[in-house]
């Protein structure tokens, strides 16, 4: 029977390498996979493209990656109040693609759902329309937004079963849910792992088809 | 007469929210409105990180850092609250399901344009847009809550925004410490004035023509309104 | 406090009229709001546009609407095995827009999410590309699909609270979920109504912001 | 030698499903495959109406009509199953998350085109497309399970489909009662033949050139394979 549980951070990150595109879930600390973020930092990778809502706030989050110069490019909605990213940004050593948060989420969803893009009203008449095709539908202008995908996605769940089904705690769902659909390898850090059947089928938020590896930071 | 303080302004906006409305309060000053919405108003607060029916801050020591608002402060969830992912949260916003969004702003134009994400100055910080732009485009009604003038005294309600726009032609009402300004197809109208403030005083602080609405209420120092509104 | 409970089918359907566009959830009998369907049939409306996955199979479903000639147009993925619709279709008294099921769902989602459309790979090289704009992204062709919205949506939930939060039973979620996001007035027929706070916030499938009226077919 | 019966064909396909694969079985004959997938294969069945890890039919009297498969027959859910809405179900399909989809078909071309939604004849019934087209476009691997020839004896594996297409260039393997046919860039290859059937017999029943694969297995009457595959 399918079993996606891995016992070590090294196993969770197998195959991750320089130049990869990586999605990291979380809004503030909610849904942020701190254990995996730390483990990735220890790999000392280079030239990552990072897709994330934020760019690190405290010292023990994505800041670790920027401090080491691991990220070449970030696609992000709100990278303010990010000391280490900010330093790299000012030094010109990291490239920023600023994307409105709802557009960011929807682009990731499109990537996961096999869509070639979507038409959004967000950004019309602003600097965010630069470089985008504008299409009028029913007399209203929309911007053509393109899908995003990644090599790896990292999210923080609450409970997983060994098949890879996930639940999340409260507002930790945020960007994690769409990100699990849009990467070649999806790793979930969770609090607890149970057997198939222990999770109510009605309460599963991310079905196991989207999850490749599950890692319990502190095995129960 | 001095402009309202932040709490009084928040109380003023809170008093105007429609009963049972679905409301999103923007990051910063608008967040404070939640403290003044009476329970009996039935207002249901939406948070773009995936909460509906958000409650007040938890008691100290009761924080759950997976239960935060869009400003990343700990909150609670009220009875009948729900959690969902960001794609559904933004579908609610972009899709016109939020009745009222109250946003902060740097500038609002007489045509209802809003600039609230960039000061246009290089402050050494990377730019950030977040989710305010989705609200500005998608909520049914956009209100702005801000100081009437900038720190240097220059108007923030202007004929044309000079700062990078968030969205064009979306704001319907601006609450400031001096007045409530309605954005109408015929231009700006003051529907309430701070007690002791004249239209002339408001006009002097405003970068586009303002006239009085048919009925004009008075804003008291505590943020309550007297007269019609 | 918000309370969307209505006590009668008449109240649930207030404002529904000739010429309206109506979405009806359900896949087979799962998620199909039979009580509301029957009540609508009793109104004897005309010229409805119906958006639904199927077109009625047994006698006590959407067949009731076709038998009375209430529907002028249907947007649907699989209207086969639908006796009453079939008769009207052969007689030329009802217009059919046939849409692949995944495209149908996604068009409804776009309508509810404020998108102007999306690019789908589905239908390229088939009759389903007729009349649609074709756009190449990254060397692959996609069809531009447009959003769908309705005046009314009718779905079948399991439990509602008085605010309008909904749960569904098993595979009854199907098209109901996106349909609740894409209509001016959304009516949910449910088995049971509870007070706010009785539903676990983690288990709510459709948040109350999407639901305007809740109707218990057999009040508990 | 006669072609396999439906159950034997279903057993043959079931035996070839990769272990632990996420599999969608199309409406009609492919649904029968579920009866022959051994538990130890760990195959996880997806149903486009919003079920993952679908189980077998319930015992009589235990039906829940909210728990049905895409063919609208009652099913159960296995341990570790999950429910979700159609938009997520089709995101799984269109987005390339399904490992293998097994579809019925009227015609498959040597280029992997599939026609499985319309006979092109006016049978007095309205047309129906359903969700098969989303699977055909989006699943990682598309297998077809069908009779080798039509009732009138004409080939269903053809150089070019004459019926309305479902999707172009997507089928990689066709299972029939006579053979397993691989769709390769170099054309059709028979990787297994029905016990007693020659390549010539298969070619005679096929509307496009077929050659033998490097290794050719034998399909026994019960649907088991002998020899390499």
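Going by the order they are written in, the chains are A, B, C and D; count residues from 1 in each one.
The rule is simple: a residue touches a chain if its C-beta (ideal position, glycine included) is under 8 Å from a C-beta of that chain, and two chains touch if they have at least 3 such contacts.
Here's who's who by UniProt: A, C = 3-oxoacid CoA-transferase subunit A; B, D = 3-oxoacid CoA-transferase subunit B.
None of the values given here were measured: they were computed from a predicted structure.
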Q: Please find the path from subunit A to subunit C through touching chains that uses the fewest steps, and give that number.
A: 1
**Q.** Shared chain contacts [subunit C and subunit D, defined touch]
**A.** A
Q) If you average the Cα atoms of subunit A and of subunit D to get two centres, how far apart are those centres in Å? A) 35
Q. When the centre of a chain is set as the mean of its C-alpha atoms, what distance in Å lies between subunit A and subunit B?
A. 30
Q. When the C-alpha atoms of subunit B and subunit D are each averaged to a single point, how far apart are the two points in Å?
A. 56
(Q) Please output the residue numbers of subunit A that touch at least 2 other chains, ranges allowed. (A) 106, 109, 113-115, 120-121, 170, 201-202
Q: At least two other chains touched by the same residue of subunit D: list those residues.
A: 77, 83-84, 90, 93-94, 137-138
Q) Okay, what are all the chain pairs that touch? A) A-B, A-C, A-D, B-C, C-D
Q: Write out the stretch or stretches of subunit C touching subunit D in their complex.
A: 27-31, 55, 57, 77-82, 85-86, 89-90, 96, 98-103, 105-106, 109, 120-128, 168-178, 205
Q: Quick one: which bits of subunit A touch subunit D in the complex? Just the residue numbers, please.
A: 1-2, 109, 111-115, 161-163, 165, 181-182, 195-197, 199, 201-202, 204, 207-210
**Q.** Interfacial residue positions of subunit D with respect to subunit A in the complex
**A.** 20, 22, 40, 42, 44, 46, 52-53, 77-84, 88, 90-98, 137-138
Q. How about subunit C: which of its residues touch subunit A in the complex?
A. 106, 110, 113-121, 135, 137-138, 140, 142, 144, 146, 167, 170, 201-203
**Q.** Complex contacts: residues of subunit B adjacent to subunit A
**A.** 47-51, 64-68, 72, 77, 83-87, 89-90, 93-94, 124-131, 133-134, 137-138, 164-168
